[in-house]
Every structure is written in structure tokens, then in C-alpha cells.
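You will see chain A twice below: alongside chain B first, and alongside chain C after that.
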Partner chain A sequence: MEAEQSFWAYLSAFSETQSPLDFVLIYDNLDKFFEGALVTLQLTFLALLIGGLMAIPMALARANKISVLNPIIWVYTYAFRGTPLLVQTYLFYFGLGQFEAVRESFLWSPILSDPWWCVLIAFTLNTAAYTTEFLRGAIETTPRGEIEASVAAGMSPWLRTRLIVLPNAFRRALPAYSNEVIFTLHGSVIASTVTLQDLLGVGRWLNGRYYLAYEGFVTAMLFYMAIVFLITIAFKAAEKRFLRHLRPRVG
Partner chain B sequence: METIIQYRQVLIDGTIVTVSLAVLSLCLSIVFGLLGAFAQLSEAVALRRLGGFYTMFVRGVPELVLMMLIFFGGQLLINDIGHITGLWGYVDVNQFFAGVLTLGFIFGAYMAETFRGAILAIPVGQIEAAKSVGMSARQVFTLVTWPQMVRYALPSFTNNWLVLVKATALVSVIGLHDLVWNAFSAGRSNHKLFTFMIAVLAIYLVITALSDLALRWVERKYNAGTRKA
Partner chain C sequence: MKLTKTFLASAFAVATFMTGGIAAAETLRIGVEGAYPPFSKKEADGSLSGFDIEIAQALCAELNRECELVEQEWDGMIPALLARKYDAIVASMSITEDRKKKVDFTEKYYDTPTRFIAKEGAAFDLTKEGTAGLKIGLLRGTTMQCYVEKHFPEADLKLYNTQEDVFADLVAGRLDMQLNNTLQALDGFLNTDQGAGFAFLGENLDDVSCLGEGTGIAVRKGDGLSAELNAAILAIRANGTYKTINDKYFEIDIYGK
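And now, the complex of A and B:
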């Protein structure tokens, strides 16, 4: 027992004074980083889920060139894809308070004055814009024959969309969607600029508190790399499952 | 609207910083990208591994994290090295330098993928033919590979540039007085952040639209002599 404690003391002293990275300090604060990772993952995946659901009808409207909706949705996706996510987030979090009508509305105190909600709204609208456009591309590249076959089989337009067009468009969009997921994760660091304690937020907090230059950022970086690694594996598995018919046949 | 006109000089100054940051980062990213592409296509296994690791690393780390690491950590590292070796005194890593270095490094990885794909799209027969008529490696690159590589790489290059322009907004977080930072401080002192953020969004849209036009012109130039199917 005695020896163990002195070893631990030795290790802490070594970590604090000699090692380039104070790993004992990182270890002591690891629980904070896991909390930060939870915030990051929550924001990323909620934005992807809601944004993805919003993107489906918008992509269908764009691909089918529905008269009034198509140009409106185009303006929306162009504006959100042509500007930085940081500025969009600032617009919602800092900007909306400029108007008294917003500050006095019933939405103000539960939602619009809370950084978490503002960030979620900005991220959702951003990812919905990107997802709409590449989903539209996937819908528009539906092979002509598939449509003709479904018409010949007497399917209604809605049935055709639900059973033929969308499932195959999702399959075609799957490889591109892994990039969108990773970019949304990368974008989620912006949450730390509006006071949220996500992974980078915790890293900045640690560095600020102990006056360090590397530890917090390096730890956050390793966490992000691990998350991206897991996402990549998940998409490889999904592609293996859903794009099985496209793999070369062996034997 | 009047406030925006009143503060136009601040916004113009910020826009100049943003654009010069983006252009310098683009130049650096082309250098990193070419190095990365040649590393990945080289015959040496170690170089291929290094090139692959570069892409994987950049994909794994958000821009802002790397930027902060280079801005806060790089400063300490450079000065520690200077202190130990006695080669240089105190060096100040400013935000602009850290921004160019980070963005150049990150987008270099995306450029490497773009260039690699473009080089692979050139039929091997052309390179072989060029070698067989006695061209040097340099001539093969400047006369055969480069002109076609540009054509194949352009669509993806355009995309990288547009993403890069938007990524420059992040340098305001480490305190560079770019468009976002200037507009933010002006908007905060006037309690008109919404108005100023809308102005910033509009300026970014103008930059995006202009570069779209310019790159379309380049595309036409390099696609002279090809036909769309």
C-alpha cells in the first residue's frame, strides 16, 4: 500500500514537471471530457436526425420541381450552404435578441435565450440544407427504367416514391452521407464559442484553468479522432449491409 | 441599414483580411496537396503510409481544435525550441500566421485527395507515350500531367475553395480581426448583432458567387478542346 502511494506520487510529480504532457491531470479530468463528448454527440446526432427528416420532403420537392416550393427551398439551401456555420450560429444566439418582439415572445426564455437550443437550431438548418442538395442529386439519378417499371406495375406516385425512389436514393447517397456526418461533427465545435461545454469547450476550460497550452486541446483532439473512427466503421458496416448488391461477386 | 453604412470601413477592412487569409491558405494548401498526392502515389511504402495518415488525421480533427492547438501550443513550442537551442529569441505567433498555417494544412489534405484522383484519371498510356518520345520527368509533368490534371481537378477544387472561404470565419475565435470579428464587435457595441450578422452572411454570399463565376471561367479555359457528352 505504502509503495503504491509513493509510486502514484512519483508519477504525478513526473507528469507535472518532466513529461511534455501532464497525463495525470488529463486522467483526473477524464470524466469532464466524457461529459463534453456527450454534449458533442447529442448536438451532432440530434441535428443530423432532425435535419435529415426535414431534408427528405425538401429534396423531393426540389427533385420533382414543385412550382412554388422549389425556388424557395433553393434560396434556403444556397444561403445556408454559402455562409459559415459560425456566423449562422451567432445570428441565432446573439442576433435574435436585437428584436424586442423576440425577447418578449413565449419562445424566448425556454428556447431562444438558451445557447444549447440556438446551436441545435443553427446546426439542424445547416445540415438540412446540405442533405437536401445531395439527396436531391440521388433522387434525380434514379434510373429511368425503375420509374417506368413501377408505373407499369400500376403504382401510385406516392407508393412509387416510398417503395422505389427513396430507398434507392438513400442507398446511392450513403457514401456521401458519411462525409456529411463527419462535417457536422467537425462543425459542432462551434458550440464551444457560445459558452457550451462540449469536447472543445472542456479542453479550453482545462487549459484556461491550469494555464496550459496543449493538454486540453490534445485530449479533445484524441476524442474527436476516436469518434470519427467509430463513425467511419459504422458507415463501412452500413455500406456492407445496404450496398451488398453492388459488391463484385466472388466465386 | 444606416449603421451598416456608417460602419462600412470596418466591414471592408475585415473583408480584406478574410479574403487575403483565404487566398494565402489556398496557395499553401495547393503546395501541401501536391506533396500529399505525390506521396500517396509514390512507389515508396513509407511515403504512401505518410500520405494516407495525413488525410486520415485531418479528417479526424475539427479545424478549430487544430487551429487553437497551433495558435496556443505552437507559440510555446517554437519559443521552447528557441530557448533550448538558443537559435532565436521570443517569437510571436500571430493569429494570421496560425490561421494560414492551419487552414493550409487542413485543406492540403482535401487537395491531396482531389489531385490524386485527377492524376489517376489521366490515362497511363499518355504518360508512357510522353516518356517514350524522350520527355524528362519535368516535361511530362508540365506538358502532359498538369494541364489535364487541372481540368479533372477543377470541380472538386472549386468545392474545396468554397469550404475554405467559409472555414476562415473560425479565425475570429482566436481573435484575428477578420470580417466576422469586426462585424461582431461593431454589432455588439450598437446592440445590432442581427443586422451585422446578416451583413456578414451577405458578404460571404457575394464572395461565394464571385468565386463561382471566376472558377467557371477557368473551367471553360481548361476545357477548351473537350466536348461534353
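And now, the complex of A and C:
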């Protein structure tokens, strides 16, 4: 207890006299940053989950060049990969809200009037577009031998996709997917521009409330770095497990 | 002796370098906003106009200085001043105790009240209990944020980057109320097509500790610029320049008492 107090006294004195940052203020508002981190994590991982599930059938349709679907999905992925996420979010949030027909529709009050849903929809469609394209790439690079072997073994096309093509495509896509996860996390800061109190939103709130330049941003930055660190560790572990066959054999 | 001179010279060089060469540069850089009509707005061709903009230009003329207007979003206004992106803020900034901890202010150059806006006929009770759960929108990092957090802590406060976004969401029905400067609200919203069906709610708010004592020009602490600017404000008040600009935008004299 005594040690804690003296540390606290030290921190207060340090903040007031020497430090360019006010650590006391940051400490006092840490709970808000944790709440913000929760919003950030929720949005990021829900978008990745839903977007990832959407991407699988779309990537299969693209890779197998299914007649009507392939061009439609191409237009969709092109539109969402070709425009900034900020613009997409603004279109869903401010754009749709301009139309009275939208405001009077049944979708307005539960979903489209809520910034959280607007942001989730925009993030999901965005990450689904990127994931579709690199999953398509991974499916298309399936070695011919694997396909021939599965045909020779009498597998139906569906069984082949489920047991051979997709699992191996996931493996090939795994290292690239960690980038997509991190980019989606970084992109989630856009939530703060439409009033959500995500990590950056809390940082900007703190800066705005106390007219500060750094404290809010520095704290948010440390939180993002911590989250990225955890994501990197998780992918390292996943690669160790799923890409075991690619490592040199030891002993 | 010679050593002292060299030392002084290099110390001076370092000092000049650290102040960003402001002493050397004649150009006065003024931070302004661009989304707060009629105080500041952007014309179709991208140029800035408005009361704040013209006051800034008039002050520069009075000071006989070259001026450069630097556009900055509201929530980065004071940080950018401290980071020496510009030397003074002419952007409808209220003089408050909180801000005085970070910057120096001139005397006020105008003073207008703050008031809520809601749908016409809305009867919200402006008390702590009455505003619980109400969605109140306002510009991030303003005196209004301080006011609502202090007096209506249970309201659902929504913070925006620009005042235009606040109005857009009020119209879209995402907000129950919004709070800002009455003159800005009249010209930027209530007197426009967008503001049809909306009206002021309650009385002008009163809390000097949050809302401040008028609108001033912010400069970095200890910068002698504030004395020069004070003289310039009084000068344009006296020579009629202020009145000319004021009358262009408002029917009343917004300088206050």
C-alpha cells in the first residue's frame, strides 16, 4: 500500500514537472480506454468473422468462374477494394441518412440509424472484398496433382472442395491473412469519425476534453500496438500448427 | 570574451531554430476552421470566407503583417497551435479557464450565447434527470462538451468532427438535441432549408466556468502577440472596420457589452 502511494506521488510529480505527457490524466481515464478497446475489438473481429464467411463462397465462385456470379462478385470486390474505407463508411452513415425513404424504412431505427451497425456493415463488406480476392488466388494456385489425385480417388467436386482445395487454400492464404487482420484493425479507427467511442474515439475525446495534443493519441497507440502484438502471436502459433509440413525436418 | 560571443551567437541560433524561425519570418500564420458558417466556411472554389476569416484579415492589415490562413479541423486547433503549425487561432474560440492552462487569449472579439436546438415542439426537460439517455450531439473539444459533461452527465453524448455533421445527424433523426453558438446555429442551420422544423429549446445557457467569457484569439503562452492583437482589435473596433464586417453577416453588433 505504501509503495503504491509513493509511486502515485512520484507519477503526479513527474507528470507536473518533467514529463511532456500527463500520466495522471491517462491513468484516471484508463477505464475509458479499455471500453474503447472493447468497441474496437468487437467491430474488428465481427467484421472479420462475417466478412470471412462471406468470402468463402464468393472466392469459390470466382475461382471456378461460375457464369453469372463471377462478374458480379468481381464488380463488388473491385468497388470495395478500389475506394477508401472512409468513403464507404460515410456513404453508409451520412449518405443513406440523407434519404427520407431510407429513414422511413423498417431498417432505419434498429440498424441504419445506429453508427455501430453502419460501421460494422462497411467494415464487413470491405474485408470480405479483400479476403475474397486473395482466397481466390490461393484456390487457383492449388497444385494440379492434388486435383488429379482426388479425381482419381473418385471424389465428387463438392467433397474435393471441402477436403482438399479449401483446407490447402486456407493454409496458403494464412500468412497473408494476418496482414488483412491487422489492416482491418487499423481501419477500424474510422469508427471514431462517426461518433463511436472506439480506442481512437476515446483518445480524441481525452484530447478534446483537456485540450491536449498527445496524451490521447499516445495511449491509443500503445493499446493498438498491444493488440497487434497479440494478433501476431496468434498467427505465429497458427502457422506453426497448420504449416507444419513446410518446415524443414529436424532430427 | 570571444568565446562568450560565439556561445551567445550559437545559443541565439538554437533559440531561433527552436521557435521555428518565427522571429525571422514576417508572415503571421493564423489557424482557422472552415465548417462553421457564417464565422468560417468554404466557398465553392475552395477559398475561405466568413466573419472569423475577415476579422483575421482585418487584424493582419491593422498589424501591417503578411498573413497566411491555415485551415485546421476543430479538435486539433490548440494542439496545432502548440506544435507551431500557426501562431494564432481566429476560429470562434471561447475564452475558458481550461484552455487558459494551455494557451494565452486576447480580450474577446465577440460574445454570443449558447443554446440547445431540437425538433420544433420538443419538450425536453433540461435537467440532469430530464436529459438522461437523450442523444445530444456537438462538436468535439468545445465549451459545449464541457457544459454537457458537467451538467447532464447521464445524457448520451455524441461527439463530431465538424458542426455540419452534427446538423446532418440532427436532421437524420440520430440526435434528440444539439448544442452550439446561437448565431452559428441561426445562419448555419435554422435559417436554411435544412433547419426547417427545428427550433431553439430552453434559454441561453449560463456557466462561465465551461462556456467562457466571450470569444478570443488564442496564442501560445508568453507570446507577445496577444498584446499586439488586443491593440489591433480595439483599433478595428474604433475605425469602423469591425462594424463593416459585422454588418455584412449579422443584424446586431455581436461584440456584446
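Criterion: the second predicted complex is superposed on the first by the 235 of 251 C-alpha atoms of A that agree within 3 Å, B and C clash if a C-alpha of one lies under 4 Å from a C-alpha of the other, contacts with A are read in each partner's own complex, and residues count from 1 in each chain.
Just so we're on the same page, a contact is a pair of C-beta atoms (placed from the backbone, for glycine too) under 8 Å apart; a residue touches a chain by one contact, two chains touch by 3 or more.
None of these values were measured; they are calculated from a predicted model.
Of the two partner chains placed by the overlay, neither chain B nor chain C lies in contact with A:27. When the two structures are aligned on the shared chain, A:10 is found in touch with neither chain B nor chain C. Within the superposed three-chain model, A:193 lies in touch with chain B and with chain C [touch as defined at top]. Of the two partner chains, chain B and chain C are each touched by A:98. Partner contacting the larger number of chain A residues, of chain B and chain C: B.
In the overlay built on the shared chain, the residue A:229 is in contact with chain B alone; chain C does not reach it.
Within the superposed three-chain model, A:185 lies in touch with chain B and out of touch with chain C [touch as defined at top]. Of the two partner chains, neither chain B nor chain C is touched by A:242. Chain A residues in contact with chain B (one complex) as well as with chain C (other complex) are 94, 97-98, 193, 204, 207, 213-214.
Those residues of chain B that touch chain A in the shared complex are 57, 59-66, 68-69, 72-73, 75-76, 162, 166-170, 172-173, 180, 184, 187-188, 191-195, 197-198, 200-201, 204-205, 208-209. Within the complex, the chain A residues that touch chain C are 94, 97-98, 103, 108, 113, 115, 193, 195, 201, 204-205, 207-214. Residues 75, 78-79, 82-83, 98-99, 101-103, 137, 140-142, 145-146, 149, 158-161, 165, 168-169, 172-174 of chain C are the ones touching chain A in the complex. The touching residues of chain A, when paired with chain B in their complex, are 78-79, 82-88, 90-91, 94-99, 182, 185-190, 192-193, 200, 203-204, 207, 213-214, 217-218, 220-221, 224-225, 228-229.
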